[in-house]
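Common to both upcoming complexes is chain A, partnered first by chain B, then by chain C.
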Partner chain A sequence: MRLRLRQRSSTGLGADDDLSRTDRVVRALLLLTALIPVLALLFLAAEMVNSAVPALVYAGGDLFTQQLFTFGNLYATAETVSHGIHAPLGAAYGALPFIVGTLLSSAIALAIAVPISVGAVLALVERVPRRFQPALSVFLELLAGIPSVAYGFWGILYFGPALAQHLYPALSRLGVVLPFMRGPVGAGEGLLTAAVILAVMIIPIIAATTRELVRTVPVLAKEGAVALGMTPYETARTVTLPFIRNGILAASVLGWARALGETMAVLMISGDLLNALPANIYSPFSTIAATIVDLLDSALTDPTGMAVHALAAIGLILLAITLATNLAGRVIIRRVTTGVLPVGRGI
Partner chain B sequence: MPPMLRRARDTLFWSLCAGALLLVVAPALAIIGSLLQQAWPVLGLRLLTTTTAVNGLQNAILGTLVLCLGILILAGPVGIAAGIYLAEFGPRRRSSWLRLGSETLAGIPSIVVGYVAYLVLDEEMHWGYSLLAGILALSTIVLPYIVKTTEIALRQVPTTLREGARALGLPRVTTLRRVLLPPAIPGIASGLVVALAISVGETAPLLYTVGFSDRNPTPDLFQHPVGYLTYVVFLNATLPTRQEHEVAAAAGVVIVVLLLALIATGRAIVRRAARHAAQMTA
Partner chain C sequence: MVASAAALGVRPATHATQTAGPGMTVEDLRVRFDAREVLHGISAAFARGRITALIGPTGCGKTTLLRSLNRLHDGRPGARISGRVRLGEEDVYDARTNVRELRRRIGMLFQRPNPFPQSIRENVALAARIHGLWSRAEVPERTEKVLREVGLWDAVRDRLSSAPFALSGGQQQLLCLARALAVEPEVLLLDEPTSSLDPGSMSRIEELIAALRERMTVIIVTHNLQQAARVADEVCVLLDGSLVEQAPAAAFFRGPSDERSRAYVEGRIG
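The block that comes next holds the complex of A and B.
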């Protein structure tokens, strides 16, 4: 029998010299399946680019700078031609309001969700007796699992109107100092309501990761802090939080990516403002994802097919933003941990 | 700083944290509470025996279950196999690239998946509103989660088992089947549970791929739209009458019940696995 010590170049079972024929066949089959997610990713990206090109050429830089987004007169025989591409009369594909709406709503959501997640997890892990922790963790799983449309339902029928009635009038008094807080506050469909609901939706992502991180903080360091006479707050501030800071950052970025791509809840609560930027923080608005769902139906009636291309173009912008944030989040996660953290909307 | 101030600051901080915990717990209760309150008048067996055409939910429930079954059949084996490759067979560098691809796929907004599935499957390939298009779109979304959990589950199996099997001269495939997979099964199963939980709650990738139908799902994979629960919530919530809202809420309640069942299943699997592991080491 040979005995060889060798650098392990492969994972798990190892890819070696003494594979049987069955082993090789099985390995090849498994490799094929492992390629499927990557191929799906490439296919999705290629299709989006492919479908977006005519609209990208037609709109050019207007895509990022103009506010008017219209499919044009779908019944007119005349056409508008721009950069050599034909589209229905008057068609314009300015996506600025959708881009702003997407970034703004998710940024506000993140600003709300991060402190709440971290605070809640600190309370849960450090202060709640261990036997109650699983019961409370169920709520995180529930929040992660409750479908987007149920958030939307709750938002339009209960939560939004309640906020508009009780919280927003008080907030609008801050308008004296912060102009974007000024009224009118509307009926509860709009930017702030959507952002709050997005926050609730991404809390489980940030909180679940933070919970695992807090549990990895070495007990010895905490005991040292206690021995120095620190209060629990001082221990949290000087030991626990610095230890997990980068992890929280990574979790926040992943949560942000989720908020950017969220569709149904935003569609139901956004108030669907087209062709204008939100006037204040309560104003109706729209996001890229919500707009795609909302307009795909009517885009299909465009005889030139440009409307569908235009939706692909804004979808491509969304894809680029989410992929960039996701990659950034994963790079940070890889740098801070060797272990495995819960990822995404997972239970 | 005087001790009293430090203690006051400590109390303030932990009160804020407790408040934050409350803000995590409250929405879940509020959402379920509001669903139950709206749905109360229509909750009953009639929901299970009639279709959405007459304000029941039978076709939507069956549709959601059929979609879940499709996920288990399609994304399940593929995801598990890919996870096995990443954990046990792939050269380190190649695995890391494949893993990155899979994780990136998880970050793609579901509406983008739905959009492409609609354009390619429903339109270009002329499948029309079809069950298979929906299952493919959903599978694309849940696949990375199954891959990830399978890989994690296999990685948690101690290396000594692999070395022992190697020393006995077992072929790799036998090692995998007889030694590595059995202890990893609970982890893999909980990955499937996550995939099902996502499938039950998704809407955006289904809207334009499977469409909606008031009839019960048929075995036809092509050209036949299928109803599902989240669509009922979405559509009826935007309709004007109270009864429509009640049906929307009832669909929400059914989803939450399915979800709780899945969470309970996941926990039971983990608990059983922990007990099993304890027995093995004892």
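The block that comes next holds the complex of A and C.
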């Protein structure tokens, strides 16, 4: 280090020791800022594991297989003991419904959002005159900026009931082939309504990324298709989509992560079903994130502290799911990239 | 110095065969991009069954002219085209023209290879399938036939299902040619098709083009005068958006009759 600095000063570029010291400070600061996200994640994970451990030990495998989630009788003097851990009488921490609810709602949301985003972007980029596109971008960003509580309100007051009245009865006829689509359709609070709202929330994320991707597709590649007489739709299918497939996957993972962690809107629209799996796609349900918010108040009144540990445990599961989807997304993208098509690379 | 015809290797022009499909003509073709006119009233005939070389300095409008022939400017907002373009007797810009079919009949090869991000087989077969020329069952056989025709079969027979991007630039361009030939065009537009290729690939493509003359009308843009002399039957010289000379290749390379095209050929312009 010394040596390098000396050499630099001797080049006569005006680098004196004072500047080098500034350099060093700047470099240290940069290193620190680069480390902050890593440290934050490690600290968070460690803290979550730490406070989840008692509940993890108490519930054991039941955490992933049981449907009953209760803090027990917080006022009883008797306690339930499991695996050597003491908890309020009758406490049980089965998180299966939350895990299923989290995964299902976000997966359905993704299934709705991806085709709509990609289709809309293709239509817009190919069809709408260039000068209107900035306005559309602003619109997309506004959509992304709407607070989720507003979505929740809209969903529960208007959108959910409207869907339940007009769309779901028709959808439930699909129940003949897809049992999960079978009625009763309920009043509009439940899995599908939440998934639709989640889809609206993640469409801006996926659409904005897709739009940037579509712009990177070489014009020359598209003209090859056009010059062969292909329609815009055929051109999109033959050239544009294969080019941006990886990027769409990456954007979908981003959107999925957002849907997994979304709390407020889901809490308001879920119908908040505890201790049972959703019976059909319209049924009330609950997610991990919504449950944590919902139950935190009462958890804090547990004198044994086990309720908070239990919420930490399901929070840890959410963290694991989010990290796993991110990782899986990366693996998929890497696999596709090293596969047949160097998609995304220009020609 | 004007290169002599012999030095440039001019072959005597062969005459069109009866099966060669229609030629193309343009009359008073004007192309404007926004406020700027790029082609100022071009009239030319691209005779059936012949190879016409379109030459001229960079920016003179060769690509613009070529793309007017298959209506590739349609997607460019602000492009205004007037005058007549005909394929045989048909008006290319007539409102009733089926653009899809028109572009099938007029194939195009671009300056750089632009294969689809699809398998090699699909690169060849997709458009033919879409236009309903090949049935699904015919695909393997006809794909092979077209790939053999461009001399690519042996290089790709073992990797028909993989992507074309591992092929060399020359092979990719041959694949694009195969893709264009698969839909049985009547006219072939070539925009500097060999400018990004090595000499070997270049002469390979030139041979193919020469052989295609039997079946279709060929228009080739090139900056390479030797290439024009080698393959062309006709030469059109474009300067600054105007056609200054159209002449049989042999006569042209013996000595351009127009003073401006003489200046271009001698390297005094562009």
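For the reader, a short list of remarks on this structure follows.
What we mean here is this: the second predicted complex is superposed on the first by the 307 of 347 C-alpha atoms of A that agree within 3 Å, B and C clash if a C-alpha of one lies under 4 Å from a C-alpha of the other, contacts with A are read in each partner's own complex, and residues count from 1 in each chain.
Please note the rule applied: contacts are C-beta pairs under 8 Å (C-beta built on N, C-alpha and C of every residue); 3 or more make two chains touch, one makes a residue touch a chain.
Every value quoted in this text rests on a predicted model; they were computed, and no experiment measured them.
By the touch criterion defined above, A:Glu234 reaches both chain B and chain C. In the overlay built on the shared chain, the residue A:Phe64 is in contact with neither chain B nor chain C. Looking at the shared chain after the overlay, A:Phe243 reaches chain C, while chain B stays out of its contact range.
By the touch criterion stated above, A:Ala225 is placed in contact with chain C alone, chain B being left untouched. Comparing chain C and chain B on the residues of chain A they touch gives the larger count to B. Touch criterion met: A:Phe159 reaches chain B, while chain C stays clear of it.
Of the two partner chains placed by superposition, A:Phe132 touches none, neither chain B nor chain C.
Chain A residues in contact with chain B (one complex) as well as with chain C (other complex) are 231, 234, 340, 343, 345, 347. By the touch criterion given at the top, residues 70, 72, 75, 77, 99-104, 107-108, 110, 112-119, 126-127, 130-131, 161-163, 165, 176, 179-180, 183 of chain C touch chain A in their complex. Those residues of chain B whose C-beta lies close enough to touch chain A in the complex are 6-7, 9-10, 13-14, 16-21, 23-25, 27-32, 34-35, 38, 77-78, 81-82, 84-92, 95, 97-98, 100-113, 115-116, 118-120, 140, 143-145, 147-149, 152, 154-155, 162, 171-173, 175-176, 180, 190, 193-194, 197-198, 200-204, 207-208, 230, 233-234, 237-238, 245, 248-249, 252, 255-256, 259-260, 262-263, 266.
Residues 129-130, 218, 220-221, 223-231, 234, 238-239, 242-243, 340-343, 345, 347 of chain A touch chain C in their complex.
On chain A, the positions that touch chain B within their shared complex are 8-13, 15, 19-20, 22-23, 26-27, 29-31, 33-38, 40-41, 43-44, 47-48, 51, 115-120, 122-124, 127-128, 136, 138-143, 145-154, 156-159, 200, 203, 207, 231-234, 236, 254, 257, 260-264, 268, 289, 292-293, 296, 308, 311-312, 315, 318-319, 322-323, 325-327, 330, 340, 343-347.
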